[in-house]
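Here come two complexes built around subunit A, the first alongside subunit B, the second alongside subunit C.
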Partner chain A sequence: MTKTTRVLTVDDSASMRALLNHALTTHGFDVAQADDGQSALEWLQLNEVDVVITDINMPRLDGFGLIEALRNGTRHRDRPILVLTTESSDEKKNRARQMGATGWIVKPFDATKLVAAVRRVSH
Partner chain B sequence: MNMMTPPPTAPGLQPTTRLTVLQGQARVSAGPRVEFSTVLGSCVATCLFDPEEQVGGMNHFLLAEPPAGGQTVDEHYGVYLMELLINEMLANGAAKHRLRANLYGGANLYPGMAQIGSANASFAKTFLLRERITLVREDLGGNSARRVDFRPASGLVRCRTVANTLAPEERPVARPVAAVGEVELF
Partner chain C sequence: MNPEEIQGIFFAECDESLQAAEAGLAACQAGTHDSETINAIFRAVHSIKGGAGAFGFEALQGYTHVFETLLSDVRDGTVALTAPLVDLLLRALDTLSDHVSAARGEGDTPADARLLAELEAAQARNAGAAPAVVAEEPAPTSAPVATPASSGAIAMGDDDNAVAVDLDSLLDSLTDDFAPAPAAEPAEAPEWLVHVRPHAGAMTNGGEPVLLLRELARLGGRCVQVDCGAVPALDLLDWRTGYLGWTFAMPGSVDEAEVRDVFDFVGDDCGVAIGADAAMPAVRQAAPAAPAAPPVASAPAAEAVTPVPAQPGAPASEQAQSAANTPAPPAPPVAGQSIRIDLVKLDRLIDTVGELVIAQAMLAQRLSNENVTAIEELGMLETLTRDIQESAMAIRAQPIGSVFSRVPRILRELAATTGKHVRLEVSGESTELDKTVIEKLGEPLTHLIRNAVDHGIESAEERVAAGKPAEGTVSLSAEHRSGRIHIRIADDGKGIDQKRVLAKAIEKGIVAPDAQLTREEIDHLIFAPGFSTAEQVSNISGRGVGMDVVRQSVKDLGGRITIESEQGKGTAFILTLPLTLAISEGMIINVGDQSLVVPLANVVESLRPGAGDVKGLGVGRQMLNVRGKFLPILPLHDLVGAAGEPASPENGVLVVVETEAAGQAALLVDGISDQRQFVIKSLETHYRSMEGVAGATILGDGCVALILDVDSLVANAAMTLLRQPLRDAA
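Moving on to the complex of A and B:
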């Protein structure tokens, strides 16, 4: 029996969360959602996940802070983290890479490419 | 039609810097002498204002119909364009929970474009509702072009109808084919 891949999406935009939820659930993923980095960390203290997809610009704890917290922790330090963002600067992309992000996806996302990336990093 | 007259410029003060917001653009400023202006037909403009930080921004868009599916407009691209404006506001000190929005445009100037103007207006209203951004004023629909002047530092907006011939040629914008949803694995 194949285990369903569980994805946590982190984005402060409810509209973006709805688009992500639709794109991922229709491709068979189990989706959990958090509205900022702090909520994601709290959820991850109690739950397991296969892949994290996070926005950068968020209140309370942004995407960089989330990556740093996960990479400096123990429980989820090896979890694939895909950054999904409107940011186009190389400086921010390099910063995410250096902090330990697994990949960088530019909004508006293409559902097919997003799903392929999630499948690739989760195996 | 909503009419708000900006305060008159006192003698000796610097003149207003008027910046046009074209279709596909988003501009943000906290400059007290800055005024954003745009002329809308079927297009929709969102004016966002943070009263505490006294910073404002305006975008101007007309979304294409999506390639397939039950949506009336390309919601993916619309969410992206709205997020660009919101992120620029946040980068200039605004807080999302303090944002106040005005929506203008979405007129049905031509019979063939009637649905898309209304659909774009509907998208913008739904987006704000979903994001819990307070919509304080809307002037949408109808069959006349509008000119919108927005003072981003004070939040004052003046909207008036203008001759339809003054509305720029508007073409629904689809997501660019290249460099969209690009994935780079490290």
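Moving on to the complex of A and C:
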């Protein structure tokens, strides 16, 4: 039996968090939520997670700042991180990748695409 | 949580975002151009766009996309934030607000074509001034990779006997232009091959090539060959190089787009070649100069030896760029920690707290009946109950700023239609009051603002002629005062023309032609139903909704509205509202066999009259002389139809009450038994609405007591009995 995949969703929009939560929990994922990069970092100091999904534009600490902090640390350095982006252009994707993201989810997403993206990076 | 609830959250967020953007743009208008302000505006619009897409509000999404693009240029500094641009952004925000309302099902989708054109024209990329910036916005909805997949699926189901085609050439044509498949696939398409070689980059940033292979397997692929020819001798093994390559045979039902999709995240960090003729991509040797990250399963020892840089594999220049694009260390928190609570749960808490207040009062009453007094614990309980109640109320409390923030828009719209430019001064926007009160405050406030601009503020020419600045001022303020909130809406306009108001009231038959009214009473005539002084009914304030409706809605909130006006100087409307609709302070009075509650908001004073203070007036009517001012005495006993003998002014108590419509009056009661907080229970939900009764409550002894609607009680009594005689006596 495999362990439930635990996903941390980071978004300052409560409706986006609720959407992610709804889509992921109905597909059997365990979901934790944070409302910006800073609270995600604080949460990650105390908790383990399999995948991080983060928005880019957020107050306090944005998505790229969060990725940078995780990649520079030791504990979550190799954690798969997916960014939520409204752009599907290659330029944006390359940028996300350069910033250290494992992959991306283009908004608006449907549950199938979201779950596929999470499965593609989670063990 | 169901999708409707999530959508509800989205709309609540939209409101917050709109307010944040409004506040940000107001700051810009006032000269603040710092990046945090602009970023906050951008984020607000961006957040609405994200949700709009997720919930399928296409018009809203399309509009916010254009709006956001311009804001993005402003944020990047490619478009300068000039005053006309702030103006445009404000107008765009107003339309955005309309779009949100339309998405909510409140109103039509606004016509935004002209505004969109203006927004697009303002963008740097369209101005021709910045040729270096490449257009980079493909429509997010049209992901071309999806097309072949869907068309392939349709063809499969419909056509079992289709001719076999050369699959490789078909796939090649697909890669050329992503055109829909021109021909159907055979029922059993042959397998095809895909060669995969992950390079070092596919193993960094949390990537794991095994998962990609697993996904190929999930699509039905079989691993038919592993290329390990490139694996060197152990001592030459470089962990930064991907030596292995895999060849998968994919079923014919899987198309190339699906497979390409699997490798979407890794980009060129994974070599992928498709087709039997294609060769396995070559091993990419890690350049010695560019350090790569260790594989996922690297030993801790290796990490200790090789410090991993921030952006593994990224050239130094890119790192510098990324550092520049990444916001500086975490800024101090801008928003407090907060959670969202379903309003129903909150209301249940408030209800329970209300019951607690009652239970506590009942306990106190019981103990006092048993002659158990001066119990310390009871005092503690009382303090705690009050604390809990205040905390519960505080949860429902919201800053009034959310209502005030609508005002700039109203003023902008009025400026456009009336040509009167008005400056807004706001103070006390952080004053908190109950959410329900806030929600219901919007409409009367809007009306008062419209009224102030339409009727109060003069035209620029008139103002200059009167020695005033051409631009009018409307000031809004809110403050807590003795357990209530005072909201003041003041303008520096021409003030109320009393002669005209009185003439109009007489003409409309609202007052008798010979009526003698105080200045204050004349001012308040504008609240009379059917009153309107506008010579030309404008579509601003004279839309058939008079000031009487404003007064009624304020009254429904348990509040009062008063006017201070000085001709030539301006008019101020003062709204006095309770902080909450659930609990109020009241005086418990007795008449005959009844206990009734008079809201403390109405009570001016209570007194036992001296010998000469009560004057008879006609048959059975009496006046009270309060320090030289004569007030009608209303025997409450008669008004409420209580049993028993009514008290006389000499042996009863007179409670002087203030009302909106009928000024002051003295209620004659048998006695006052208590003054405390009470929980308001609606009479309508349990019985039916009654004239003169505002609601009911439960007293400490468990009895139900009616809460008097002093305004209507006194107004009715005064109207039927005392209005005219009062004038005679005065």
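Everything below uses one rule, namely that the second predicted complex is superposed on the first by the 117 of 123 C-alpha atoms of A that agree within 3 Å, B and C clash if a C-alpha of one lies under 4 Å from a C-alpha of the other, contacts with A are read in each partner's own complex, and residues count from 1 in each chain.
Throughout what follows, a contact is a pair of C-beta atoms (placed from the backbone, for glycine too) under 8 Å apart; a residue touches a chain by one contact, two chains touch by 3 or more.
Values in this document were obtained by computation on a predicted structure and should not be read as measured data.
Shared-chain residue A:R71: touches subunit C; no touch with subunit B. Legend: residue contacts after superposition of the two complexes on their common chain; A:T86 is shown touching both subunit B and subunit C. By the touch criterion defined above, A:I105 lies against subunit B but remains apart from subunit C after alignment on the C-alpha atoms of chain A.
Shared-chain residue A:V121: touches subunit B and subunit C both.
Of the two partner chains placed by superposition, A:H27 touches none, neither subunit B nor subunit C. When the two structures are aligned on the shared chain, A:R6 is found in touch with neither subunit B nor subunit C.
Of the two partner chains placed around the shared chain by superposition, subunit B and subunit C are both touched by A:P59.
In the superposed model, C is the one of subunit B and subunit C that contacts more residues of subunit A.
Residue contacts after overlaying the shared chain place A:L19 against subunit B and subunit C alike. Residues common to the contacts of subunit A with subunit B and with subunit C across the two structures: 12-16, 18-19, 57, 59, 86, 93, 97, 101-104, 106-109, 117, 120-121. By the touch rule above, subunit A contacts subunit C in their complex via residues 12-16, 18-19, 21-22, 37-38, 55, 57-62, 64-65, 68, 71-72, 74, 77-81, 84, 86-89, 91-94, 97-104, 106-109, 117, 119-123. On subunit A, the positions that touch subunit B within their shared complex are 12-16, 18-19, 57, 59, 86, 93, 97, 101-111, 113-114, 116-117, 120-121. Within the complex formed with subunit A, the subunit C residues making contact are 1, 3, 5-7, 9-10, 12-13, 40, 42-43, 46-47, 49-51, 53-56, 61, 136-138, 140, 143, 205-208, 211-212, 215, 262, 264-265, 267, 296, 303, 308, 310-312, 314, 318, 322, 325-327, 330-331, 333-335, 340.
Across the interface of their complex, subunit A is touched by residues 75-77, 79-80, 82-84, 86-87, 90-91, 95-96, 127, 130-132, 175, 179-186 of subunit B.
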